[in-house]
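You will see two complexes here that share chain A, one where it goes with chain B and one where it goes with chain C.
Moving on, here comes the complex of A and B:
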């Protein structure tokens, strides 16, 4: 690998390029990490210190800002709502998406190509264009302002269907046929043979969709009005407007944001490679 | 079991039907109910004068579209969408590629850098937009403290119509930079090493190698990222809602935000769905472009 760039450059130039490289990466990382650091630093300040521009680090860290959010605010409830609603949604999306992808790849039926074209056509469409009629459908079903409405309107993931179809197509053709010969049902072939062999795509699908459902804001904020049903983004925004009084309680607002963001960063630290694989896989298809 | 030929053929064709239905319906029903039907319904509603409250409404033909085209607010929103898209697209793609080039060969600490640069993408846009609101605060915000320390004059950021769009763009680029970088990293890893060896034998220096080998090899990724960023920009809502609510004085109102205000604040469903249809048409145009281009590039 390294011979590819066998360097004939004089040493001075090499030092210069290395310095440039360190500088660019340094500036980019500081720019990226700074808002997170500033959020944590601000969350530990007193009401007086936070508005004093001469104070960078809190002289006396106010840990009770964080514990107050954790034990005496609606934020944990919003986190809990987001977590369990997303888990249910992703579980349904995985089952329904895997079945459709299986049908598209391994079952033979005449409308298969049309079906795939329909799925493909919806892939890039702006989801917001569906919101007004979807809102009316939920209203007619009496599911506005409920967990049921949030879940039922998100049970299909087009991204996931694509990801799984892509993975299934790379399996040897005879695999499912052999399992069928041995008397396995399609259901058993999907979950007993195909799923374990494409585990990586299932994990990527689950994690990516969990994060995007967990963070989702526009649609949940249109259909839920009672704070009992708020997902975390809408809850945090409500906290910002109401309890944060649009900026008079910045330390508390930053503490609330930190409580929301830090668990996600920790989750990401342990699952990073699945996100990167998922994105890399997408380009594999295009390149 | 004495089935005649045709009967057997009939049976063979349709005995798979229950299985097929069982496998496609769990995804197909919600896809139809919450995607395909609403899109068609939106198109239909865009030709009506429905106001959400009254149970009846009339078909009004192209009236909604015509009044949009007569409304300067619509062209403002269209222009803001273009500015926002270009302002997000160019830095995201250029900086994403630069970072990927610097990180494609691993070194000690490169894993941590990738982690940091990608992390904004997984955090909720609402949470980080609230943090950025605090950073951008006109008096006492850290952005102005830094500007003053560097000798520049402080800006009003999100509270002035001159800089509000710039602020929204900064937050969006901050959030999507790592995503573009990861795409480019995986594309750069796939460029065959022999190409560089051949290039080096022909006496190409690194700059020539970059323009003659790297850039053409990763052009499908560049194009794909351009389309994805455009589609995402067309749909950006969270950061606008938290940072500026489309203001000050409409300076950050994009098409999507106009759709939101028309539909869910003014209940002008006819015009709102007309904006939605225009957004659909823009997306379809972008997808067709993507499809045509990927056909052309498939030989790489």
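Moving on, here comes the complex of A and C:
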């Protein structure tokens, strides 16, 4: 016998449940979005208005704060540095991560399980613990204070290897075997068969690592000291100290922060469909 | 066009389990060889070793005289059709079929020509733009075959290609594979656990069990001259009836005595039983359901019992009887109905009896 949903749940209770969900999500959204909105609004205020709690929306938006950041500050250069360094790092991480994940899933070799355990164990290691050895290695290679040093020290992403491995494991092994029988090398099977079928995970991997590399502060600030090599976070700090005059020019600092976020917002707008699929575990495989 | 030789091939996994044990097999040019056996007998592993998808733990694999153990699958010029089709879901039927040629960097015009030829021969022309997800099981199977055919490989490997299809389609595709074999004139190695497929398609059948080859022979010889009880029981539907007998000499004649009667041995069987020293000993006898008959006299009765199940299949009927020798199955073209629990007396075609050593289960005489 079918019991109708509404029989079990009176309409009043359903309205109440929905209202509760909306309230919780609404509060969480406000908490998440408010600092961002505040930053954007503050970037259009005057120096005087910014600390005046009576004024929330600027009566006279100061657009010159934004144009000043865009045309008369080093911020665009930091954005450019961050963007291209992140792009190169992510490209290398995708290639290295996909190759290792492919080997872990589709190749048979004795040390496969141990290798994966070692890789995952390094994920447990606090990042700070790797700073000193990494610094010494880069110093020995003469790569301190250079884009090369920034790139070469981030060529492998354990998170990415794990994410891709999980996605590859969802694929039938027969597909790779069929590709091998069709004459494809492992390299070709990876990029021609496996990659298109796990596109969502690749995009998620790329996007998440792009964002974290783009925003990375601690490590780049340890190995670079010339402003020509600054990434955005480090650049913002330098801007805060120099042009923001240690917080006295909050409006400019806010404008710089808002400008810095724009590339990430654009990126997210184009890739959010894949991003959410990838997080949800969808591999994009049909049939 | 290829000759394949497996010399003492063994597959041992890391945990020490031997999936294939010391297999020796020679497959000639243009043969259609079937590897058949129950689940876990090592037939698919053997096929995958020939394909290069599994490493060979020991022994040599020779294709046209060349040792192929360490040659990568893509360099063996072998095509394979998989049980689950393994079509690339993100590619169209056209792209699936063309994939191997694209890898070989064949010119586009040539690829196009060959894809259309193959599609025409397999009735896939209307489906070239579709994705695998939009195809039925039979169509997917055809695409998988098209993908294999287009390369003109030396050898076709097929790993239970029909097991995902329904019975009707399976029969239809079986005919198509037989037709394909005639047209392509190349070597086929086909794995199945379905002995109907094995009997109808193969020029030679390799029966495997627990990683070992039991018998390699033509379908007719496997049916008529099985080398042991396993092969005798595995080949043929319904399966062969087995029952205990005692070999005796009576009035100068050698007979097999059952609980309810006796079976006279002809001169050839008599000689083999005597030579083997089986007189006075217990043996295991087998008779195919096709060779069981209704006894028309008490002297010809070998089994007495009651009918358990009567199945009319159209041109023939299967009668399951519970007798003094256990369950005996008769496959008869005499369609008189046997009702449940009615008395039945059964005899056998004496010259078609198979006799096995009860300990080793090896054939004493067929």
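Just a few scattered comments:
Throughout what follows, the second predicted complex is superposed on the first by the 233 of 287 C-alpha atoms of A that agree within 3 Å, B and C clash if a C-alpha of one lies under 4 Å from a C-alpha of the other, contacts with A are read in each partner's own complex, and residues count from 1 in each chain.
As a working rule, a residue touches a chain if its C-beta (ideal position, glycine included) is under 8 Å from a C-beta of that chain, and two chains touch if they have at least 3 such contacts.
From a predicted model like this one, the values you see are computed outputs, not experimental measurements.
When the two complexes are overlaid on their common chain A, residue A:181 makes contact with chain C while staying clear of chain B. Of the two partner chains placed by the overlay, only chain C lies in contact with A:172; chain B stays clear of it. Using the contact criterion defined above for the overlaid structures, shared-chain residue A:252 touches neither chain B nor chain C, since it reaches no partner. Note on chain A: of its two partners chain C and chain B, the one contacting more of its residues is B.
Once the two complexes are laid over each other on the shared chain, residue contacts for A:29 go to chain B alone; chain C is not touched.
Contact with neither chain B nor chain C is seen for A:79 once the two complexes are overlaid on the shared chain. Once the two complexes are overlaid on the shared chain, A:275 sits against chain B while remaining clear of chain C.
Within the superposed three-chain model, A:96 lies in touch with chain B and out of touch with chain C [touch as defined at top]. Residues 108, 286-287 of chain A touch chain B in one complex and chain C in the other.
Chain B makes touch with chain A in their complex at residues 16-17, 19-20, 22-24, 26-28, 30-31, 33-39, 41-42, 45, 95, 98-99, 102-103, 105, 113-120, 122-128, 130-135, 137, 140, 142, 145, 174, 177-179, 182-183, 185-187, 190, 193, 196-197, 200, 206, 218, 220-221, 224, 227, 231, 234-235, 237-238, 241-242, 256, 259-260, 263-264, 269, 272-273, 276-277, 279-280, 283-284, 286-287, 294, 300. Those residues of chain A that touch chain C in the shared complex are 108, 110, 172, 174-175, 177-185, 188, 193, 196-197, 285-287. Interface residues of chain C facing chain A in the complex, by the touch rule stated above, are 14, 51-53, 55, 72-74, 78-80, 82-84, 86-90, 99-100, 103-104, 131-134, 147, 151.
Residues of chain A touching chain B in their complex: 1-2, 4-6, 21, 24-25, 28-29, 31-33, 35-36, 38-39, 42, 51-53, 95-97, 99-100, 102-103, 107-109, 115, 118-119, 122, 124-134, 137, 152-156, 158, 161, 186, 211, 214-215, 217-218, 222, 232-234, 236-237, 240, 247, 250, 253-254, 257, 260-261, 264-265, 267-269, 272, 275-276, 279-280, 282-284, 286-287.
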